[in-house]
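Following this message is one structure expressed as structure tokens.
Each chain gets a letter, A, B, C and D, in the order it is written, and its residues are counted from 1.
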Amino acid sequence: MNVSLILVILLFGALATWYSGDKWASKVALAFSTVAFGVTAFLTYRFFTVDNPTVTLSFSKMWIANPRVVLFFKADGLSLAMALLTTALTPIIILTSFANLFPRKASFYGLILFMAFAMAGTFLSEDGFLYYIFWELSLIPIYFIALMWGGGDAEERKKAVVKFFIYTFAGSLFMLLAFIYIYQRTGSFLAFNLYNARLNETEEMLIFLAFFLAYAIKIPIIPFHTWQANVYQKAPAAGTMLLSGIMLKMALFSIIKWQLPIAPHFAEKYKYIFIALCVAGVIYGSILALKQTNLKKLLAYSSLAHVGLVAAGAYTMTLDGFRGAVLQMLAHGFVVVGLFFAAEIIERRFATQEIADMGGIRLKTPVFSSMFMILVLASVALPSTFNFVGEFELLYSLAQANIWMAVVGGLTIILGAFYMLRMFQQVMLGDGTRAFADVTVIEGVAFVLIIAVLLFFGVYPKPLVELVTPTLNELLTYIKQLR
Amino acid sequence: MEILIAIAGLGIICLIAEIFNARKAIVPISIVGLIAVLVYTVGRCLKGGKEFISGLAMDGKGYFNMLVSDKYSLAFSSLFILLAIFLIALSPDFHKNHKPKLSDFVATKLFLLTGAIAMVAFGNLSMFFLGIEVLSISLYVLAASEPKNLKSNEAGMKYFLMGAFASGLILFGIALIYGATGSFDTAVIQTKALSPDLPKWFSIGFVLLSIGLLFKIAAVPFHFWAPDVYEGSPALTTATMSTLAKVAAIAAFFKLAYALNPVLSGRFITIINVVAIASMLIGNLVALKQTNVKRMLAFSGISHAGYMLLIFQLHGLTAAQSNLFFYAVAYSIAGIAAFAVVLSVCGNKGDEQIFNFNGLGKTNPVLALVLTCALLSMAGIPVFAGFFAKFNLFSQVLSKGMNSPSAQGIITALILVIAAVVSSIISVGYYFKLIIAMYSKEPNEDSQPLVVPFAYKAVAIVSFVLIIAIGLWPDLASSLIRRTVLVENMIKNKII
Amino acid sequence: MENILQEIGIDNYIYLSTLLFCVGAFGVLFRRNAIVMFMSIEIMLNAVNLLLVAFSTYHQDAAGQIFVFFSMAVAAAEVAVGLAILVAVYRNVKGIDIDNLKNLKG
Amino acid sequence: METNLALLLLFAPFAGFLINVFFGKKIGKNASGYLGTAAVAVSFVVTLFFFLQVSSTKKAISVELFEWLNLQNFTVGFNFLLDQLSLLWLMFVTGIGTLIHLYSISYMHDDENMHKFFAYLNLFVFFMLTLVMGSNLLIMFIGWEGVGLCSYLLIGFWYKNQDYNDAAKKAFIMNRIGDLGFLIGIFILAHIFHTLEYTNIRTAVENAWTIDRTWLTIAMLCLFIGACGKSAQIPLYTWLPDAMAGPTPVSALIHAATMVTAGIFMVTRLNFLFNLTPDVLEVMAIVGAITSLIAASIGLVQNDIKKVLAYSTVSQLGLMFLALGCGAYEIAVFHVITHAFFKACLFLGSGSVIHALHGEQDMRNMGGLRKVMKITFATFLISTLAISGLPPFSGFFSKDEILMTAFHHNTVLYVIGSLASIMTAFYMFRLLYLTFYKDFRGTEEQKHHLHESPGLITFPLIVLAILALVGGAISLPGASWLNEYLAPVIAKPAVHHHLGPTEYMLMGIAVVGALVGIGIAYAKYMNKGEVPPQDSEIKGVAGLLYNKYYVDEVYTAIIVKPIYAIGSFFKNVTEAAISGLVFGFGKAAVFLGKQGGAVQNGSVGFYLLIFVLGICAIVGSIFLIK
């Protein structure tokens, strides 16, 4: 049993869902994604218990002779943690879509599973070429999900979605060039070999920037973010969740796994520029979130702010920064899915995303409002939620790098509270007369799962810390050795 | 040679079959015959054949080096035969209104195939000239094959005039080369080309020949005919031109360039680079505004020609051959898949406007899926074949640049790949126009339910499977042209 | 034969046929009557034929002359197809001015 | 055993919270109220047990649960420390907490969400306990933010009213400003000491580590900013008066007795560090003094009974910071305790009044309640005397010690502090007179319903009044039990001045000052029988004071508005520009495509011309250009 099983299940699940027909699709998808999560969790457990886990649980097989590509799915702490995020969120996301009366459900859920497959593949690939393939592959399902099941004006949506696709595709093509370039040196795409490519200064710069372009667009880091809010707003909730919950983590993960170890000198030399850019994104996103009148757009900008901080932490190239980034990725993944789900629930009942049209919901929905409140609080990183753990570590790593970065980045805890509470007040509080049904059982289950994760790991993050730390240390050793 | 004879024979059988009123047997016979030839060719290809064009010397002893059967020509021949099989399979349904002429269409395609094969398998310039002319004349005929349709007339006329003009250039080029070296035999020319006292005409001749071929592959600025002719010709002819003819021309161009003149001058390569960049960018940019699918695919074809010209950034002839072959396979099979869907959708509509594709995702999901995959493959998105094709090309260009001693080399390489990347990005814009039409627009109200003939569907699905299969096992295609692990294993296990 | 060649010099043959070729090319460029354009193309091809024959003699090699036969055959085939297309065009537009054919563009 | 008991102490309120959240609605209002009260009472009992134990053994108890955060330089665990300081705090948090819970059962009885109220209160107590019990700064931070959350929830308890929600939000955000300071302080301390455990830091300090004083100063300053946020000091004090939007028990518990003292707790906790940074202490003293004066001056003219008490709280907290700034930690703690007694009593008293008047809070519409609400009046009077600093009430001792210390420290600060005290005496008696004396000025309807509050409300009042009366006994001048008790946790005890002539003179001045304040109030409101004018008629200095120096407006103008303006700029300009740029690429591509299409004009002649030009260009560039 090794990590390739996760991918097999997801891919097979995608096909099975597609063939199962509209009636059964959602259930089949849920079943497969849950099994995938179970397998991932079991593998993680095995990772702690077996000797030499990376060897035992990895999968590698020759794939293409020319270029030399190996089907290498590696089980290390980082990849398992990210795979866990993917497989844990997928069933939740599927669960959140149960109440949506989509046409062509089979395709919809099939695409979700296929997306999960591609994303899990991205996280697990140890071979750069393979990684790139999965990276690009994940674009296709989300493109179709957003295009075909999205809301709002069709023309606007098309515009937003096509912009998103072309934009991210553009970024990743430059990453492909970077990979090809290094491959010419190494003759292999395996991460280890790529790390040891021995590039000179100019080459490192070009490669770093090529990677940066790809990641900056996907994360997104300002000023490459303009696709984000529109797509988040227009995609169906499940698509937005996939995008914000998992897909953008692909890029953050890649910074740690690919960009920094491959171009460590350049990163070390100019890290402050990139940290500053990311931190600027934190402020920029937060301030913009304040001005939003559309709930989903507000959440999109808040996401921009949060991931900016994560990216900044990653660029500090310290253990704290890395670990904080990984933990915050996981935490943000859950919280943002929860928040978008809350927005979706409101949209289902009120048929609007405009904050001005909401209000007074709390009067009618004790359960929903409590859940939403907890998610809001997690999002503003209240201590004892998982987000605090990540954010604390991130800010600490920034403080180690430069105290002013931490101060400016830390403004997120003020501004974040500002816009989130303002949003909560306008959306949920106040007086209102419109009927609003409280959450259904299925909706409630999805919320409870998310909140349970956020609170549990907020208090006891140790298992995750122990999972990722050795791998991150290893990566840092590479980076340090090489520089 | 036996391949050529067999195919030409098949063509003649088709014509005879018509005489004996065996019209229904024409297509099956030719397809079965072609499959047999294909198996034979692939078998020869895998088993042996010299790997390099440089090994041109007197391979086909019996034929006075008129034809050579190295891996390069065999591999491309198999590709052409495969494409011809697809094209012929599409014929009967396409020409169902002109049943009596079916034998002519099929036979013309078979003769066209012989021309294409002669173009890549030549060992002698006269063979090459005959090949290219057979191919061209067949295409003139096919382009104008709807005499009552003004568009078809115009396409045929334009193609003919410009094609004949280009033929003149090619001929002039050949004459000058002959004048400089005293022989049409490529092996002789190759040795002579290296001698220092080569008359200047040789280079002029070579350049004129190249321009003629650049015209055939529709590279900027010799591309003007392509969109008009593609649009005006009957769709099946367009399919032939954009797949078989284009691929044959680029394969011939590459072979010619390295067979005649193994050390190409830097100036020449620079010209090719400029042409490549211009083709990629102009093709993709102009495609953005097109509303006719055939015209759009014509511009897309121009840009693909530009990509394929990157192959002249040579770093290792074997790799270059294999990369070109791979690109040709990926491009032409995706093209066949796309055209199979275009034929299915627009076959009875008279034009190929994009709105005809509205809602195809709902009315016929399978065809929509095939077209989507074909377009994604052309756009170079993994895990489809087109991605590996582009990957190999970029990889070759970069490796050439990185291994060049001067800084200029790497800068050139970077400019080339970045131009390629930028144009790939642009290309997504119009490929997605079609995809959006299929998936996010409602079906046209007045459209009748789509009746898709079996042959169209079969071709679409087979080519679709090929796109994916080649994407998943890229070695599959490469093994035709270079010795891969796959081939070694097959030989070891006595499969071939 | 050889004497003539030596007397005149191969260069002059090349110039002549180049000139002829250019005459043909300019004919194609500047005339709008399709038949005249065909004729101009024929001039181009024949210019090349002349050159080939000259080279054949120059090199004392028969291949060039054989090639001329090929080229003539091909040219004939080409013209046959071309004229057929022309006839079809004429039927549709009642004219052979190629400027009538501007429907496909953009 | 100790661990389990400590956990019981900590988690009893949390259990109350959970039960109230999940089953509160089912078990009914009274049950949920008593359950909440019992949960806190359990904590109180356990605290008492520990308090007695530690008082006798003088040995701190520490409990270690499990590791929480693991950073490169340090780890943070869920560790708790029950030493003299934390137990002292726990005593009055759980004690007063129990009383206020009890009070709330009656006070909140008419509210449909009573179970939620108790849930929040319990949660608050839980977080407050976490704050106090934590053995490192990060656990304290959990509590620190947690109480902020509960404060937010309780201020906005009546969430139908958006003004209340605004107040709640404001409280949370202003607290968060302080929290950022706190967090940055933690970062720097962690960087310096590689640990956040108090005991470890103290050991490090005592072992005379070479500590970078600059960074330490910055760190302590940041922590002080945190304290400013939580304890409502300039410039972050404006949330506290607004926080009066919450139900009165909340004001009593959170915004008077416990949460707002967290800043003082933190400073006292880290006294050994603050001792090393005299500059920060100086700043603290100045900020405290100015806050106390400004808040007191605003309190002079407020008409909302709770607002007056709120400003009085800010002012008293200022005095505590003055004491801290003078290095007199024990005295600050002493004042915290006495203040907790009398201010809780005052708030609960005002709540009793408001309860009786069905929500009326404007003193202009009160008066004459003395006759109807005898117990409330009596307890209120005791507490007012205590806060005014008249002997022998508890406030006298604590306040006097603060002023005395300030006098020895810096005369200017002393003067400011004294002025604030005089004002305090004035406005508190103004409050008393306006509320309880003269005739009732409300509506007939209200008058008809006037009544003394039920026993559940008066009982806590009585208990607190007694404590306010005798609370001074824990630290009598010269014989201070408190100073002795706290000695182990205070690194450098305050200099205790012998009661010499100067000291007696200062006491005298203080008493006289208080009497002067009371006298003016008496003259104005009893003799002349003045009633404060309507809002529109308040002008001049009074107007400035009544409008709180327009601080809120200034903040809005210089902080909130600019942020929104920047937001508009980002939204309308930068976003549009970036987006336009990206779309611009697309548009440029389409434009170029159109141009390219225009060249494709359909004319064969033209095509051939380009063809020939292309040939010429290629041939020319190869053969003609050298």
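Operating definition for what follows: contacts are C-beta pairs under 8 Å (C-beta built on N, C-alpha and C of every residue); 3 or more make two chains touch, one makes a residue touch a chain.
What you are looking at is a predicted structure, and each value in this text was computed from that prediction instead of being measured.
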| item | value |
| --- | --- |
| Chain with minimal offset from the mean of all protein Cα atoms | A |
| Contact-richer chain pair (by C-beta pairs counted) among B-D and B-C | B-C |
| Chain centre separation in whole Å, for chain D relative to chain B (CA means) | 77 |
| Length of the line joining the C-alpha centres of chain B and chain C, rounded to whole Å | 27 |
| Centre-to-centre distance between chain C and chain A (centres being mean Cα positions), rounded to whole Å | 66 |
| Length of the line joining the C-alpha centres of chain C and chain D, rounded to whole Å | 98 |
| Residue list for chain C, restricted to those that touch at least two other chains | 25, 28, 98, 101, 103-106 |
| Chain A: positions in contact with at least two other chains | 166 |
| Where chain B touches two or more other chains at once, by residue number | 157-158, 161, 165, 227-228, 289-290, 429 |
| Listing of all chain pairs that touch each other, if any do | A-B, A-D, B-C, B-D, C-D |
| Residues on chain A engaged by chain D in the complex (per definition of touch) | 163, 166-167, 222-223, 225-227, 284, 287-288, 290-292, 318-320, 323, 360, 362-363, 370, 377, 380, 382-384, 389, 392-393, 395-396, 399-400, 403, 406-407, 410-411, 413-414, 417-418, 421-422, 425, 428-431, 459-462, 465, 469 |
| Chain D partner contacts - residues on chain C that touch it in the complex | 25, 28-30, 32, 98-99, 101-106 |
| For the chain D and chain A complex, residues of the former touching the latter | 21, 66-72, 78, 138, 141-142, 144-146, 149, 152, 156, 159-160, 162, 165-166, 169, 172-173, 176-177, 179-180, 183-184, 187-188, 190-191, 218, 563-564, 566-568, 570-571, 574-575, 578-579, 582-583, 586 |
| In the complex with chain B, residue positions of chain C that touch it | 10, 14, 17, 21, 24-25, 28, 34, 37-38, 41, 44-45, 47-48, 51-52, 54-55, 58-59, 61, 63-64, 66-67, 70-71, 74, 77-78, 81-82, 84-86, 88-89, 91-93, 98, 101, 103-106 |
| Chain A - residues contacting chain B, complex | 62, 64-67, 132-133, 136-137, 139-140, 144, 147-148, 154, 157-158, 162, 165-166, 169-170, 173-174, 176-177, 180-181, 183-185, 206 |
